[in-house]
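Next up: the structures, one after another.
The following pair of complexes shares a single chain, chain A, combined with chain B in the former and chain C in the latter.
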Partner chain A sequence: MIKALRPTEQLTTKHSVKSITLLILAIELVLVSLSLYESVFTWVMLIIGCSGVIRVIIYSQYYKHLPTIRTLNLLAVLSILGLIYSSFNESLLLIMVNLLVLACALKLMQARSQRDVYQLVSSLFFVIGCGFIFNQSIGFYIFYTLMSLILLISLACFQAPSLPIQRQCKTVLKLSLQALPISILLFLVLPHLPPLWQVPTSKSFETGLADNITPGDIAQLSQSSDLAFRATFQGPVPNPKDRYWRAIVMEDFDGKTWRTAPLRKKIQEQLKRQNKEFSPAVTGSYTEYDIMVEPTHQNWLFALDIATPNNSKSANEIWQSSNYQLISNQTLLSKYEYSVRSYPQALAHQRFTQIDQRLNLDVPESGNKKTQSWVAFQRKLKPSDDEFIQAVLRYFTQQPFVYTLRPKLMLSDPIDTFLFENQAGFCSHYASAFAYMLRLGNVPARVVTGYQGGELVKENNQAPYLSIYQYDAHAWVEAWTEQRGWQRFDPTALVAPDRIEFGLQQAMQDEGSFLADSPFSLARMSNVAWLNNFRLFLADLDYDWSRFVLGFDDTKQKDLFKLILGKVTPDRLSLLGLGIISLVALLLCLFFLPHWLKNRMDTTQRLYFKALDVFESAGTIRPNWQAPLSFSEDIQQQYPATISNPFTQITQLYLRIQYQDTNKHKHSVLNTKRTHKLMRNHLQKLKKEIIKNNKSPL
Partner chain B sequence: MNENPLSNATNTISQVLIGKPKQVKLALTCLIADGHLLIEDLPGMGKTTLSHTLAMVLGLQYSRIQFTSDLLPADMLGINIFDNKEQEFRFHPGPVFSQLVLADEINRASPKTQSALLEAMEEGQVSLDGKTHLLPKPFFVIGTQNPQHQSGTYPLPESQLDRFLMRIQLGYPNKEAEKSMLTAQIGDNKTIIKPVMPLNHFIQAQESATKIHASDELLNYILALVTHSRESNQFANPLSPRATKALLSAAKAWAYLNNRDYLIPEDVQAVLPSVAEHRLRSASSDFSTQGSLSQILLEAIDPIAL
Partner chain C sequence: MSIIQKQLNKWLDKRIPTANQYQLNHKSIFIFPSKFGALFIGLCGLLFLLGTNYQNNLMLLLCYFLVSIFLVSLLASYINFAKIHLQMGKTSEVFVGDNLHFPMWLNADQKTLQPNGLINFKFKSEKIKINIDKSLSSNGNQIDGNNFTNPVTLNLLCPKRGKVNLSRVSVECFYPLGLYRCWTHLSFPNNIIVFPKPIPCDITLAEKSLNESGESGKTCQQSLGQDDFSHLKSYQLGEPLNHVAWKQLAKGRGMVSKQFASEDSQIGWLSLKHTAASVGLSQAEMLESKLGKLCYQVAELSRKNRVFGLDLGKTKIAPSSGMEHRQSCLTALATYGDD
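Moving on to the complex of A and B:
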């Protein structure tokens, strides 16, 4: 009768359990590799897709046979060859990541045993870890956390196949939530060691500014709305027209391309070896700010002119070059924060060395004849440097120059073509032409690239900060005159004042070329109010994330300790450690206390529940309303007598203690202690039999 | 505990009502628990056969009242008739004065007649013209009713349904049972059935059933079930304390039939559908869920974690 009431139980077979787990793993692999779409080769992606499809087919039982080992070996050999071929052009890291993902995909295609599943799960955790090399934003963090949870769920499915998926999810979520406070604590207090190994880099990872510019070769400047860096100001934020973020100074020009002077590099290396750091003469008022730069895989840092590191940590990690660049000692593989102080007036008061002079007057003899003659003519008219510079600038304002992101190609004599024919270009064209003209006129000049502008974000109770995006990249000119020292000139500002005052988007409104190659970029739609708010909210979130989570390094940790302890002494530090440990212990207690309390219920109940647990781990779960006797009848039907007999005995003893009239049977029934002993004996027997029964391979 | 003769009764009845051991056992349980039984099913399912056989097996005095819409209380209870010889009113007891009364198609009678019977069931006596007439002991009513939606029925109100300890449904027999029913010697059955025990033994059995041990854990289980019906918002009519008592005594009778002198949760689970289903009413108007209200209740409570 009771049986009639019970819903039909669907005991999943062991085979389908594994295929569910593997299906989840396949989905996981596909998703994680999609998140690495920039790093994973297309053909590897295809193989991953195939492995996913194979798993789906096997799960749906449309086709039941895995690919043969021979097929897979062939595929593996071919893939290795493919990877070796790619390794000529790509960096080692990329190849290794592809190898890992590929291995996972191949394993997935032929996974059958328990070991395969475990291998796959751990490899996928590693792939997720690799994901963090490439993506560190909060969105990806959430995504990878989700992926890790799914991995854990798949593991849970594999371990306790008979539980419904909802319960698996609940268990995993519960465990993860319990792990969360502990991991936060550990994140805050564990020492943040410098990386033990470095990721090999290559050109393909570098983002942001290039170390040379060849304006004539570019027909369309590609832009990106990716964040370049953020600057948080302690004091007032400089005006838009003063926001020139210096990154790279280019002093070597061959008629087409501007690049950093090799001599400068050599000198720098020499100085670095002797540990003689250049420090500029600083005068006048200054602004202080912190910069959080996105990983660029380069060493350039960004700062307003003229900057010096503001604290000892930044001073240790930043090298100052004699052309006022800031260069990080470490390649920027992850977000990096530094603190600087800028002296806007100091540029005019710098020393002008022989080397400066030599480098900044050097022009190629050949090419650009028209420009050469034009400059020679002007120079004759205007003997003073100042007047000459003004005359050149006037040329830009008087001629119908146009600012465009889609200039025509200028392959031969690019500066002639630009100045006298096309008269249309973007900042690099203007800067390059202007610097060239000054050098021809015997005025030392150089091109500086970096960023110009930035989006101001002001929160009520936070320091204001500027977000500088990749599309804010800019190039301008520095020229030296006897009277005024180094001076910044921006010919672009004369042609397109909007570019400097309001940013690129404003300047490009007519042309419509702002972020033309990324039509769905949120930055492109900033005229829609709520979208813009949303974008700023995202930017803000990302900012806080970088600042407080990614930027939490050992100095911040020390500050935190100081905040808690007042003064960092070994005694207090060990006290803090003890406190943390006991806090973790307390959290663990909170988790285990219910279990301990449960264990403290009476022995009879506990022994019976143990027996139930044995069956639960074997895949048979008592529906939680089923009474003991009918459950033992079920067990008799499902299991061989060797297993069901001890359980029947346990059930009988349990019923006797729980429900029989103890007073009436005082003399006849065994006393409670002996009954418990009997139950224990039967439990041992039951466990042994279950293990024996489970030995049959999966 | 010795093999009790009532187990024989189950077997004997099962020879007549083929293929329904569970229902037979429940019906016997109901009588052992000294409760009235309501059998609800379509015509021709063996309701009458079951009740008649029960009477014969237990050696009870049996009468049958066919309820119709024009049946009056007096037709059932009896009537005072003036005796010319004695010059006084003499009471002529009606068919209700039997130890086992089969109230056939109880929901065809008018509410007035229904309540007269139900009053007799509750009080164990009949009051007529100021005089009280005691009903025999034991006194059982087996009511049968057609499903509610059949035409010409007056559904029993909840208050009166509550008077029945159990409600069972017979349902169709399975193929084999029906076949053996066809091959059996029909008509002979009733003659071969003899009481399995004297009546006083049956009354003793009733007494020993009440003495069956219910442990604390088990009482907690019953209370948890009842409380859940009151606290959950799934039930418009939860279980009354009378239902709680009914559940315990029915479970005890069931345990007695299973030759156990203590209650286990299975006993409660076995009788709960018949004891509780007709007392519960779903809170939702969706009738499709009504069939399993007691099942919902059962599944909500874990019997061993109390």
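Moving on to the complex of A and C:
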């Protein structure tokens, strides 16, 4: 990372000059790493800050000496040790980013030579590239674009130290504007390849749903107004109470925690190995929609019940599991779009296997004694499954249950405490308790987590779409009865119908706990009309951004080609390729045109110089100081009349056009075009004669 | 010089023929990605891989943007470099052991556009030659196209008398982003002659050079300052300026020139044969020291505006005086033994 400097590498330019470039780079490094604050370790941040301060001090000439190579080597060794220590449990991606940023900071501290500057600039470009892994919103895109432009400006400053900064900006801006159409063309046309190999990701970046829930352990549900996903509908949008977005099915319960059953996982892995994908029996009407998921760094996908992939691309990339989950083959590292078709009535008609039965009746023997005895009593009264379920649900409506986002902790026998003491909780509490009670009553049941609801956005000439935010996360219950098959039950809906009909915000109006962690969230202020409009406008912008920029993939590319070509055939594709290449070449020519036009002499002069060139090739060169007329006289003496006559004519025409005052002799002036024609004729004659003359030496 | 280099030089001579001045154009400009350019493209490749693996369109966009910048900056570099107009300036006299200051006027015409950025000038050197002959060292000169004073000079140490083997002048520039190196090798007319290093000595004029018998007795010794001032005379056009009595002019008495009375106003000859060399030198060194002494005498005599001839055995220069005579004498001394 750090090497001793060879003296030849020292910059020959002035001192202040190189530091303005380095000052820009220092500011840049600090800003870019601030944008990555979530993934850069705090102590690395401190080192970056130090290097920035060093550069500022040197620029202000408060102190003139860089840290010695020895100090820096020591610092580098310490940093490496620190990095190894801090990244013990971290993912490779995180370590890579930290290493990169750290290397930049150390390089900045000791940068002296031209090579250092170039390396620093390249590394910073790479850091910006890595920034896109973590931040993909429009705001960040604009920020990173600005940062890239500043990097280019720093390069320009390095090459032309005494140009004022405004002109540097102008140069870079001009270059960027010229580059923009080409880069967009490349983006649209170059193939979007699938991932070449599996890339490292990190647990710490996982967002959204967890793969287990332990209701009693959570005193306050943390919420965020981040977007989870968006669904764009081709047909009518389902009603709010039907918007249950299934993500994870949890079938294993140990008295406290619900999680995905290990057996289920094993079976799935086996099926995957044998490539036997589950396909649900689909019946009834369906709705079709596209979903664009935010990067979650997980594999769960979301869909309304019961969903199957709607096109071949989605079918290839999505694995359907036997509990009707959709699982992506790739970890969702960036926005991902897929299209599905949902059959709302199909849930009841699914097959019920032995494994399903075994998994969904399993309850821990110990704990929650009160609930066990209560269920045993109820079950005796209601021998039919349906009646039993209704009785349990009735318990939720008749007792004074409260929906709250700030429940008390329930650490021992959580379900007993919840059902008979606190009677206050949020969706996981209700779902957990309800599923447990059904299982105790010998009704197969399981907890499903996902999202419920969504904000509908309807534009006039656009397909309607739903935005589902993280605070829409929800848990509900699925129970199986012989008569009706699988059925969805949502005890939360009985306690807090507003939660399902109007969303969380409405339900939490009295408690004031909606997004209590983020008081300045725009979503929290949706009752202020213009703020809400602004929020919706931002959401809309983000929607288009996600759909058309982030979600631009090979299918969309194919659609685009189809739009341009009509039909995608190899011939037409290669034609398109040629077209694009010539378009890029044309653009480059266009940028070059002003320079070319500036350098071109006017026609009269050019023709005269051509005539001179002819003589030059014949061996007679006009000295710089000689006037055209006297040169013409020389030619008359040296060459036969056949050659000298046309040249005399050319010279005279040339002088006439160049030097005659057009104002004075309006009538005698020849038409310029005609003169050029004459000159050309004479030039032709001259060339012929010269060739003849050369062939027959005198 | 290897064969490849020879071929290359031949090709260069054909492509960029010798000229007094150049307006750089597509014929004389070479352009190729610099080392940083290669690094930059490598970076783009890396970004492409990362963007593809993370399926990240924004990273791909950044990558394509950088590639386009790379393309566009090719034109920008060329356009900037093509603004350069170079004209050879007049070199001052140079003697052995001196630095030759080779001046070039960069865009002296105010009408033309100025090139931006740092521009490096240096003599194109064949690498092998530099290794063998360390004394032929030349150092480059970096100027800032936006802030410099004309003319741009290149220094070249001249260790040998005679015609300077002036190599081509290399000009290079990395503006605007350092992604491309624009360069050219310009050849300027090779008419600079390095005169022998003058060695101060007494002036020895032979009355007759044609006298083969070598009558050294007839040479007359002269020492400096023996020309005595005799009188003032009104200035005649063509008289050397260093004879003008400037003090008189300042006093308002008009242009008058000093006249010197000297018994040596008759024609004399400087001859190689009659110049004594210092003792204890090898044959070659002896010749050089003789030439140096002659050089000194020519310069001195010309300063005094004396009429003298030069006899170098094979070449003889008829007695005369004036700058042109001085020039031809010095040239003869510089090129002595070349043929």
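Here, the second predicted complex is superposed on the first by the 585 of 698 C-alpha atoms of A that agree within 3 Å, B and C clash if a C-alpha of one lies under 4 Å from a C-alpha of the other, contacts with A are read in each partner's own complex, and residues count from 1 in each chain.
Note that a residue touches a chain if its C-beta (ideal position, glycine included) is under 8 Å from a C-beta of that chain, and two chains touch if they have at least 3 such contacts.
Treat the numbers as computed from the prediction; the structure is a model and nothing was measured.
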Touched partner set for A:W625, first chain B, second chain C, both or neither: first
Partner chain(s) touched by A:Y659 [first = chain B, second = chain C, both, neither]: first
Comparing the two partners chain B and chain C, which touches a greater set of residues in chain A: C
Partner chain(s) touched by A:Y85 [first = chain B, second = chain C, both, neither]: neither
Partner chain in contact with A:F502 - chain B first, chain C second, else both or neither: neither
Which of chain B and chain C A:Q605 touches, first, second, both or neither: first
Which superposed partner A:F537 touches (first chain B, second chain C, both, neither): neither
Partner chain in contact with A:Y118 - chain B first, chain C second, else both or neither: second
Doubly contacted residues of chain A, that is, touched by chain B and again by chain C: 624
Footprint of chain A on chain B - complex, ascending: 22, 213, 215, 217-218, 261-266, 269-270, 273, 295, 298-305
Footprint of chain B on chain A - complex, ascending: 1-2, 5, 605, 608, 623-630, 655, 658-661, 664
Chain A to chain C touching residues, read off their complex: 12-13, 118-119, 122, 125-126, 128-130, 132-133, 136, 141, 144, 148, 152, 155-156, 158-163, 171-172, 175-176, 178-180, 182-184, 186-187, 190, 192-197, 199, 330, 333-334, 336, 549-553, 584, 588, 591-592, 595, 599, 624
Chain A-touching residues of chain C, taken from the complex the two chains share: 20, 25, 35-36, 39-40, 43, 46-47, 49-69, 71-73, 75-76, 79, 82, 116-118, 142, 144-147, 174-178
